[in-house]
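The following pair of complexes shares a single chain, subunit A, combined with subunit B in the former and subunit C in the latter.
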Partner chain A sequence: MQLAEYRTSRWQDLRRQTGIVLAYFAQFLKMRLAYRVDFLVDLGANLFAIGVQLATLGVLFSKVPALKGWSFESVLFIYGFSLLPLGLFNLISINLYRFAERYIAEGNLDRVLLRPVNPLAQVLCESFNMSGLNELLLGTGVMIYAANQLELAVGPLDILVLLVLVPSAAVIYASVFLMVTAVSFWHEDRMGLAPPIYNVIRFARYPLTIYGKGVQIFLMFVLPFAWVAYMPATWFVGDAEQTRWALLTPLVAVLFGGLAMMVWRAGLRRYESTGN
Partner chain B sequence: MAPLITVQRLTKDYHLTDRREGVLGGMVDLVRPQKRMLRAVDDVSFTIDPGEMVGYIGANGAGKSTTIKMLTGILTPTSGEVRVGGLVPYRQRQSYTRHIGVVFGQRTQLWWDLAVVESFRLLQRIYEVPEARYREQMTFFNELLGIDEFLHQPVRKLSLGQRMRCDLAAALLHEPRVLFLDEPTIGLDVVAKENVRGFLRQAREQLGVTVILTTHDLTDIEQLCRRIIIIDHGKVMYNGLLEDLRRGPGHKLRLCLDLAEPVAPAELQAACAHLPVEWAETEGADRTPVLRHCALFSRSETNAATILAAVLAAHRLRDMALTEPAIEDVVRRIYREGLVPAPEALG
Partner chain C sequence: MTELVLTPWRRDRAATLRLYVGFVRLAFLKFLAYRLRYYTGVVSYTVFVAGNAYLYRALYASRPEAAGAEIGGLTLAEMITYIAVAWIGRSFTFNNIDRMLAMQVQQGEIAMQLIKPLHPQTVMLFEAVGEAAFRLLLFTLPIMVVVVPLFDIHGPPDPALYGWTLLSFAMALVLGSQLNFVVGCLAFDLKNINGVIRAKHISLDFLSGVLIPFTFFPGWFQTLVAWLPFQGLSYVPVTIYLGKRTGGDLWLALALQALWAVALFLFGRLMWNRAMRRVTLQGG
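Presenting the complex of A and B:
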C-alpha cells in the first residue's frame, strides 16, 4: 500500500497554514472573551503600567526641556510607536517564554511535530496573550496624541509606511526572543536569558542619539532593539537622513528573522536526533 | 500482501551526560562532561501488513517509545530505516503525519482549554476533512464512544476516560492509515478499558486502519492483537503470533482436578506415571489425602483428555478447570530467559 505524498505549491501551503493560524486565533479569542473579567483585569493592569511609564517621561521632561534636541512630544511619539510592534509580538510570544517547560520538558513538542502544520506556527498560535491588544490600542492613542501636538502632516504614504514598519519591528522582537527560546534545545537551563533581554527593550524607547557610540552599535547590530521603536519612528519625527534609515527596518527584520529561523531549525533538528 | 510498514535494522543511540557528585564534581562537569552512549533501539527489523493490529510490548526503558517516535517521525534514527507506505516518516514528516493518528495515553492530543467540539473543528481544518465526511465520522464516533454528551466541555474538565474517548476520535477523524497507540488504557477503570478495546476493534473493522499498540496491560494485547512483538534492551525478543508463543513447548497448561474423595498425591501421580505430567505442589505431605490436584503439562507432549482418562480410570471426578498460561508469565519468562523456554514447570 502506498501513502500519498502531499505535494502542494508553497503558495497553497501558505494559504492553508494561514487559514489554520487564523482559526486558532478565532478559537482563542472566543475562549478569552468567555472570561470577561480576566480581560478587564488585564486591560486595567496594562493601563496602569503604561500610565506609570508615561508619568516617568512627564517627570523627566518637566526638569529638562529636551533630550539631545528631542522634544517631549517626539519622545512620546517614539514611545507610542514602540507599543505597536510590542503589542503584536506580545500577542503571540507567550509560548516562547514557557517553551522549555511546556514544550520540551512536558513533551508537548511531540504533539506539535505530529501535525501537518509548521511547528513554529503551532507553538506561537497555541496561546495568545490578549494584553497585546491593549498595547496596540494604547500605543495608537499615544501616537495620535503626540502627532497632534507635533502637528505632523500624516499622508496616505505615511500610513502605508507605518503598516510596513510596525510588523517589521514586531518580527525583530520575535526573532530575538525566538533565538533565546531556541537555546533551550541545547540547554536545560530554562529561559534565564529572556527577562534581562526583555528589560533592554526599555532603553530602546528613547532616542538612540542620547546614548554613547558603544550602546548605539550594540542596540543596532547585536541586540537590535534600536529597530523596534526609535529607528522606524524617525520616519515620522526624525530629520531627512534619519528618515532614510527608518526604511531599513524591514531589511533588518528579514536578516534577523532569517537568522532566528536558522537557529530554530537547527534546534528542531537537534530535538529530532536526541529526543527528550 | 505487501507490508505497509517496513522497519529495517533500526538503531537509535542516545548520548547521555552523567553528572558527577558534589560541588567539585559539578565544576568538573562543566569542563569535561562525562558522556555515555545508550543504545535504546538495537538493530530492530519487522514488517506490518495493512489492517493488522500488532502489540508492541516491552518493559519500561526497553525501547518501545523510542521505536514509536521513529515510526511517527518525531525522532530520526541513528541508522537503519523506516518506511510506511513508501514514505520515510522523519524525512517527509508533514506529508506523513496526514496519514497517521497518534494517541498517547499519558497526555492528550487535544487543546486543553478548548471545548471538545472546537478541537475537532480545528483538526478538521488542519487535515482538510470535507464537511460531509466530518459529520459522518462524528456520527460514527458518537455511536461507539458516546462523545456527544461532553462535546461542549473544555478538555481539561473531562474525566480520564472521557478524555481518552475524545483522543481516540480525534486521532481517527482524518481517517489515517496507521494508528499508533501508546498506553491507551493507562489509568482507566475496568469499564473504560473495555470501552476503549471495543472501540478499537470496531474502528479497525470499519475504517480498516492498521494499529500498533504499546501497553503495559497485557489484557489489551490478549483481547486485541493476534501478533505481538516483544522488545527488551532495544532488541526484538519475539515477533510472531500470540497463540504460538503460548503454545510453545515451555509454556505449560494447568489442569486442576477436584476429586469426589480425598486422595493422596502420591497415589494420583502413580496413576499418571506413564504421562509427561508434573504435579503442582499440594498443601500437606505426599501421603495426606486431598481433594484438589493440579497437573502441569505441555500441549506438545500430551493433552487434557489423556490425563483425564488416566485419572478417571482410578478415581471419581467432581469438577475440573483448565488454565492457559497467563500471558504475563509468558512475557516475563521471555524477559528472563530469552526465547528458549526452560523445562521447569510454571508455579
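Presenting the complex of A and C:
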C-alpha cells in the first residue's frame, strides 16, 4: 500500500494556522479570567498611566499656545494615534520580552519547534497582554476627541488609510523588538537591550520637529520610531508635504519587517537546544 | 530531675549594628555581580534626559515674547539642570524593595526571614544603602560623566549646596526605601502587587516632581503635593541644588524630609506587625 503524500495548499495552511492562533487566544483568555483581580488591577494601572500622560500634555500646553507650531489638539491627536499600534503590539509582544529566559534558557523553544505551526506565531500567541485592548480603546477615544476639536473632515478614504497605517506601525514596533529578541540566539543578553529602546517610545509621540536634525534622522532610519506615531499621524494633522510622507509607513514596515524576519530565521537556524 | 533555666539571649547594641552593617556589604556585592545590566541603564537615563531636554527647549522656544523667559520660576538653563539632576538623583535612590518583598511573600521565602533574629525591615533598609553605594559608583557616576558635559550642566549657585543636595538625596533614599517597604507589605494581603507597583511608579513620576516641576502646575496641585511625602524623593533635593531654597526654607525642607522618612518607617513597622499576626505562608 502506498501512502498519499501529506500535503496542504497554502490557503488551507493559512486557514489552519489562523484557527490555531484563535484557539491559543481562547485558551489564554480562559487562563487570564481565572485571576480576575489581577486582570482588573492591570487595566486600572493602564488607564491611570494614560491619564497621567494626558495630564502631562495638558500641563505643558498650559504654558504655550503651540509647541513649535503644533497645537495642543494636533499633539493630542498624534498621542491618541500612537496608542493604537502600541496597543496592537502590546497585545502580542509580551513573550518577546521574556523570550531569552522562557524559550531559550528553559528550553520551551524545543516544544515550539516540534509543532507544525509557524514558530514565531506560536511564541507571539502563547500569551497576550490584555492591557493592549485598553490602549486601543482609549487611543481611539483621544483621536476622536482631538479630531473633533480640530474639525477634521474625516472621509471613508481616511478611515481606510488609518486601517492600513495602524497595523503597519504595529509591525514596525514588532520588527524592532523581534530583532532585539533575536540577539539572544547569539548572545546571552546580560545587558538588557530592550529597556533603553523601549524608553525611546515615549519620546516618539511628540512632533518629530522638536528634535535636532541628527535625532530626527536616527528616529527615521536607524531606530524607526518616527514611523510609529508622528509620520503616519501627519496624514491627518500635517501639511500637504507631510501627508505624502505618511504613506511611506507601510513601506517602512515591510522593509524593517523583512529585515527582522531574516534576523529571526538566521537565529532559529543557529539555535541549539540547551538539552537535558 | 534538674531544672534547666536558660538565661534570655541578648545581643548587645554594637553587635547588632555590626550585623546590620554587614548587609550593606552583602547588597553591594550582590549588585556588583549584575553590573553589566547597568551599562544599558546609563543609555536609558541619557535618553530620558535628552528627550526631556529637547521637549523643554521646544517649550521655552514656543513661549510668547510677552510671557518672559521663565516658566514656573525657572529659566531654560535651570530647567535642563532640573531634569538632569532629578534623573541623576533617581539613578542613586531607586530600588526594588517592594518587588523583592512581594516575591518573598509569594514564594514563601519570607519564612526564612522570620526565623532569623533580625528585623527584615531593618535588613532591607541597610541593603538599600548597600545597593545605593553600588549605584553611586557604577551607575550614577557614569551617568554624570555622560549627562553633565552633554547638556552643559552647571554647579549650584553656592558650593555649599552640593553638600545639602547630597544630604537631601540621602534622605530621599531612606524615604523611598521605606515607602517601597510599605508597598511591599501590601503583598501579604493582595499576593500579587504588580499592578500596584506599576501604579506607584506612574504616580511617583508625577508626584515626586521628576518629570515636571511643581511650579508648572495649578495652585491646588502644589498645595496637594506639599502635604504629601513624595516631594522628598526628587523635588526637594533638586530645588535645593538649584538654590531655590535658602535659609529657613532649606532647613524646613530637610526637616520635613526627615520627618516623613521616620513616619514611613514607623508606618512600615505597623504594617509589618499587623501582617505578622495573620500571615499564612505559601509554599514550602
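Following the convention adopted for this analysis, the second predicted complex is superposed on the first by the 262 of 276 C-alpha atoms of A that agree within 3 Å, B and C clash if a C-alpha of one lies under 4 Å from a C-alpha of the other, contacts with A are read in each partner's own complex, and residues count from 1 in each chain.
Assume a residue touches a chain if its C-beta (ideal position, glycine included) is under 8 Å from a C-beta of that chain, and two chains touch if they have at least 3 such contacts.
As the structure is a computational prediction, the values presented were derived from the model and not from experiment.
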Touching partner for A:Ala266 - first (subunit B), second (subunit C), both, neither: neither
Contacts of A:Gly192 with subunit B and subunit C, given as first, second, both or neither: second
Touching partner for A:Gln27 - first (subunit B), second (subunit C), both, neither: first
Touching partner for A:Lys63 - first (subunit B), second (subunit C), both, neither: second
Which superposed partner A:Tyr211 touches (first subunit B, second subunit C, both, neither): second
Subunit B versus subunit C as contact partner of A:Gly19, first or second or both or neither: first
Partner chain in contact with A:Leu160 - subunit B first, subunit C second, else both or neither: neither
Contacts of A:Asp110 with subunit B and subunit C, given as first, second, both or neither: first
Residues of subunit A contacting subunit B in one complex and subunit C in the other: none
For the subunit A and subunit C complex, residues of the former touching the latter: 35, 37-38, 41-42, 44-45, 48-49, 52, 55-56, 59-60, 62-69, 190-193, 195-196, 199-200, 202-203, 206, 210-212, 215
Interfacial residue positions of subunit C with respect to subunit A in the complex: 36-37, 39-41, 43-44, 47-48, 50-51, 54-55, 57-59, 61-64, 71-72, 190, 192, 194-196, 198-199, 202-203, 205-206, 211-212, 216-217
Complex contacts: residues of subunit A adjacent to subunit B: 1-7, 16, 19-20, 23-24, 27, 30-31, 106-108, 110-111, 113-117, 126, 272-275
Touch list for subunit B against partner subunit A, complex: 2, 4, 14-15, 50, 66, 69, 72-76, 84-87, 90, 92-100, 102, 104, 107, 109, 111, 113-114, 118, 121-122, 125-128, 177
